[in-house]
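Next up, some structures in structure tokens.
Note that chain A is present in both complexes that follow, paired respectively with chain B and with chain C.
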Partner chain A sequence: MRQSAVIRERPPAGSVGPVAWLRTHLFGSWWSTAVTLLLGYLLLRWGLGFVDWAVVNAIWSVPAGENGQPDATICRTAEPAGACWAVIGDKARFILFGRFPYESQWRPALCVAIFLALFGISASRRCWRRELLLIWTVALSAIGVLMWGGVLGLEFVPEDMWGGLPITLILATFGLAFAFPLSVLVALGRRATDLPAVKILCVLYVELIRGVPLVSLLFMASVMFPLFMPVGMNPDKLLRAQVAFILFAGAYLAEVVRGGLQALPKGQYEAADALGLSYWQKTGLIILPQALRLVIPPLVNTFIGFFKDTSLVLIIGILDLLTAGKVAMADPVWQGVGTEIYLFLGAIYFAFCFAMSKYSRRLERSFGRARNR
Partner chain B sequence: MSEAAPPAIVLDKVNKWYGSMHVLRDVSLTVQARERVVVCGPSGSGKSTMIRCINRLESHQEGRIVVDGTELTDDLRALDTIRREVGMVFQSFNLFPHLTVLENCTLAPVWVRKTPRAEAEERAMDYLRRVRIPEQAHKFPGQLSGGQQQRVAIARALCMQPKIMLFDEPTSALDPEMIKEVLETMIELAETGMTMVCVTHEMGFARRVADRVVFMDRGEIVESNSPHEMFENPKTERLKLFLSQILRGH
Partner chain C sequence: MSATTSDPRRSGPPLSGRAAPRRRIHLSWSDPLLRNIVWQVLIVGVVAGAVWYLAGNTARNLAARHIATGFGFLSHNAGIPIGEHLIDYDPSTSTYGRAILIGVLNTLKVSVAGIVLATILGTLIGVGRLSRNWLVARISGVYVEALRDLPVLLQLLFWYGLLQTLPAPKQSWHLGEAVFLSNRGIKVPLLDWQPAHGWALAAFVLGVFGTLAWRRAAARRQANTGIRPPVWPVALGLLGGVPLLVWAAFGAPFTLDVPVLRGFNFQGGGTISPEYGALLIGLVTYTAAYIAEIVRSGIQAVPAGQSEAAAALGLRPGEALRLVVLPQAMRVIIPPMTSQYLNLTKNSSLAVAVGYQDVVSIGNTTLNQTGQAIEGIALIMAVYLAISLSISLFMNWYNARIALVER
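On to the complex of A and B.
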């Protein structure tokens, strides 16, 4: 009796382990076997084809032509065709930093590093304290100094010389850093039934901004906005685009946050009221912590979409990462080599978006652990 | 009697409507300090509405409500004063799931009463010991049983050191074994002399601790008497009907 009980502590052989997993999930029936084989074949074929193109037949460097420019003829004539990674080597700095003065490009590079460090620090829940706000202020000021210069012996670089990855990161980071608090306020305002004026204002804001495409907002910011400004007052194009982004992202995020507020049971509000908490105490200590946790997935979804939307500044002539890539592609020297640049750009965007998505799941899990049994 | 302590709660001809539905009709009730009142009545009779008017989770439209000497009006400062002095326990516990049991208990003292955190924690542990769950202090509400959660909710309300405690069917979301543990906690609380208004159908509890039982039906207070008189000698048909129904249910 006892012995058989001990033996039964393990599931029957063949029901666990990789082989069993394969059997149940990939080869469960003749139909699923057929699909597995077909997909396996296609994956293998395309995968190998890509490896051939990207690695085996790739051209890593090209000789210099007579005028000192690289000579990319071999990239166009090579048989079988391979990726021409030499273009990345030649153009990477332009794509990453745009027209920033070449000798000073360590400055935007350092800015990117500061951004990454800032994201890294902010990601850890242990660092979520008041000091973090200070760190952000210092870091963002440092980024301003590095990009503009003009002090500490740094050469002044006007904004229209900026470009590439720092522009994308600036637009996205400042955009979300301002849009998120804005969205929380708007979401709260939309629910303030006892303040009808505030409520109507918030509803109008959300509906108006959501009702127009981002592109037209950017156009308005860059073309129409200066018309309304007094002569001589002409905020910079980047700043105007930034404001347009903040307003745009704020409206979308506000709806996400509102969803979280709606989802909280009424009892939570009542319990907070019954304990005598003030409106802001109730909101800050009880409602928002729970509501925001509920909406982490759609929130991050919006963040990711917004990060990629920064590339739309292309249409008002700001040289963000994608635009810099397109300009690089237009170089006659590298005519006919575009895919590689797109892949390079894609990899950078992917790295950021994937990091966000990974992080959001980690955050959800860490909150979930605290709550459930 | 007239020179004694002022009444804890006075409801004077209180009327309330939801839309066109008249849910409280001329409700008048006076609860003395240290008095324990049990409110019962059929479903939808306005018991919750009445008790929620006392700390203004619902607002009344006619009549006067005076709690601890302060009249309830739209004045926010009066409301703050009253909510500090009135603790409430809900049917569905309404603990804050993102905070630990201890944090649930210290939140309001720290933020509303500005008690130093260490002191608030000490007092919270005190009350958690009283409701017999000190060992759960660092767990989250989701990790506790219903009865334990309700006892935490009682401790949370007590941590504000209120003068008056309101209970709205504190045991009706619980299994029978858990009802017992929560009722025991409430009986102990009653024995400390706390002013209590409790909506419940637990007649055993009413007999044991109530100074007075109030029977509500269709938004009115129909009868109000000592538990003994109330159960042994109901005067109105409505109360007789109600009592026969709940006795059959038990």
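On to the complex of A and C.
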């Protein structure tokens, strides 16, 4: 047995500290060193090139030409070429709010703020209770009032004047709000083995929708819905796209919810039966609260997917964020400045999706912690 | 327990042949059997009623617009100009049926190429995220994050815009005097196809089967005797040597059809159009980000003990990866990979936004010209359902083949 105290020694200098980190993580072997040098060179070169283009040589404002239009010729002729950020300053209002009456654009801006607040409230776990349903109803009605107007002294604005970011948020959020209850019913129906006819209907719905691309559903909404309606009735284009979105989202969400129902231990179902609960009591009080909690992270991921997929309404000509950007690009005044607008649009989409995916990952980790206690 | 072992508790004749005892239905709401029947009749009735109502509306609408239903329009003259076609097509004489068939082929062309390339790129990035090199891992991570959080349509439009800003054919970037990159797309030299090449290709295909058979024979020999006959010399001979000999026996013809700049455009050679290029680049880079995550999680799902055990058995790192880690990772990877392949195929319908004529684009033109909305949409959906089903069937077959066999 050792009698004297163990002398604490520092680890050898070669295995700790920044130099050792560099040696193991960047220059571990000949191969690794070569890859690091090559990638580092490319990164520096392209990164500096991008900074030159986006900041150093960028054009932040352009003079006004005759007839009041901005004169963007310097963007095309400038040498060395730089980003023409002036286009964003000129077009941002149009890209964000579309053709909404200019002096009333505080209304869609307020709607965007309400949407953000709604997402924020729904994201915090402290607020997951029944009152949330009420908050959603109030918020969505408020958004309807703000966008349409016609009451409270607000000027009426028809749907074909809406555009930009509110359309994207409306399609995604209303789509989710209506598709979610539908998807829960379909998922329950798909697992109802004692109701074979209902089960077949649900399977058919889910598999048919998931088997075809969203583009074909949107085409269906734009050319076939008018045929389905009674003669003379022609629902608005936005409403038709919204219905297609709800049907589409319902099928995908149903599969997510079904995953949660399947992941729940069988004992929970049996215990509820043993307590003598009816089917709806069992489902509402025992099964769904647990199953839905299990699938919140994949639900958020599915929602990210829908948020991105709303951009597909470009194909049927609804003026959402992406379409507004495309329209802004087509302006002859700002010829040849597509990249800047794409970067602007990309930054908006990225901000929303990145926040949601970070949130989903954090949630997954905290759920995992609770489960692996 | 398998079906053949007999249950000791059960004596007498097996019960399996006899039907379950029938229970009479009580006419009371507390009888679950009756309740189930009532619920099903109600729900099916509501759905059938809704469908009947919509169908009635549709019939009245079609009558009001004087549109005849049916697929007769497929044999009418199409007159749609189509830029890219794999089979012969002439807008003045070809039918709608042929135009849609070309659309299907174009969809398959971009989907198959996309699936292959996205798998390769995605695997590289997924492995890169696990690299010991910090820079490689970081760049792969940023790639995955950035590409997954942007709409695929935005990416497609961006790539298409970028390809359109390339220089005109006269100032095109070129690689030697053979490959040209301009705003008309990528021009590549094509092999002038002769019968000799066909025979060489046939020999190569036969060689693939021969190699596979030889590999199986070698594995059987190894199982019986412990000695593994060499595989790669035979593979080299069958895959490389024999096709080359066949080609040489036909006189080794080799001429290239090289694109040449004539006036404002190129003549000859093969073309990758900007539309196809943008669609393919966009779909591949977007789907690769998802595939990378699947590959990464698949590899991480194999416990470290597995590769350690393989090393302890004396397998080299390459063998350990190929024989121990990958087969187990594949079980985790295949099911989500299937849905990514399906997604890529469905996303190829965004071709309509960049002007590549896939089945959705041509189907849409058809229904706009003929007014046959229902038939057009039904055709598009049927095509995608067929493609989706084939991919799922193939992947399910593959999944069942590599699935864990529990004894």
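Please note the rule applied: the second predicted complex is superposed on the first by the 308 of 373 C-alpha atoms of A that agree within 3 Å, B and C clash if a C-alpha of one lies under 4 Å from a C-alpha of the other, contacts with A are read in each partner's own complex, and residues count from 1 in each chain.
Criterion: contacts are C-beta pairs under 8 Å (C-beta built on N, C-alpha and C of every residue); 3 or more make two chains touch, one makes a residue touch a chain.
All values derive from a computational prediction rather than experimental measurement.
Contacts of A:Gly276 after superposition on the shared chain: chain B is touched, whereas chain C is not. By the touch criterion defined above, A:Arg293 reaches chain B but does not reach chain C. Once the two complexes are overlaid on the shared chain, A:Leu285 sits against chain B while remaining clear of chain C.
Once chain A of one complex is fitted onto chain A of the other, the partner contacts of A:Ser357 are limited to chain C, with no touch recorded for chain B. Once chain A of one complex is fitted onto chain A of the other, the partner contacts of A:Gln268 are limited to chain B, with no touch recorded for chain C. In the superposition on the C-alpha atoms of chain A, no part of chain A is touched by chain B in one complex and by chain C in the other. Partner chain C is touched in their complex by these residues of chain A: 24-26, 28, 32, 35-36, 39-40, 43, 194-198, 201, 208, 210-216, 219-220, 223-224, 226-231, 304, 308-309, 311-312, 314-315, 322, 326, 336, 338-339, 342, 345-346, 349-350, 353-354, 357. On the side of chain C, the complex with chain A involves touching residues 32, 36, 39-40, 43-44, 47, 54, 57-58, 60-62, 64, 132-136, 139, 145-146, 148-154, 157-158, 161-162, 165, 346-347, 349-350, 352-353, 360, 364, 367, 373-374, 377, 380-381, 384-385, 388-389. If you check the complex, the residues on chain B that touch chain A are 55, 57, 80, 83-84, 86-88, 90, 92, 94-98, 107-108, 111-112, 140, 142-143, 156-157, 160. Chain contact summary for the complex, chain A toward chain B: residues 265, 267-268, 270-278, 281, 285-286, 289-290, 293, 367, 370-373.
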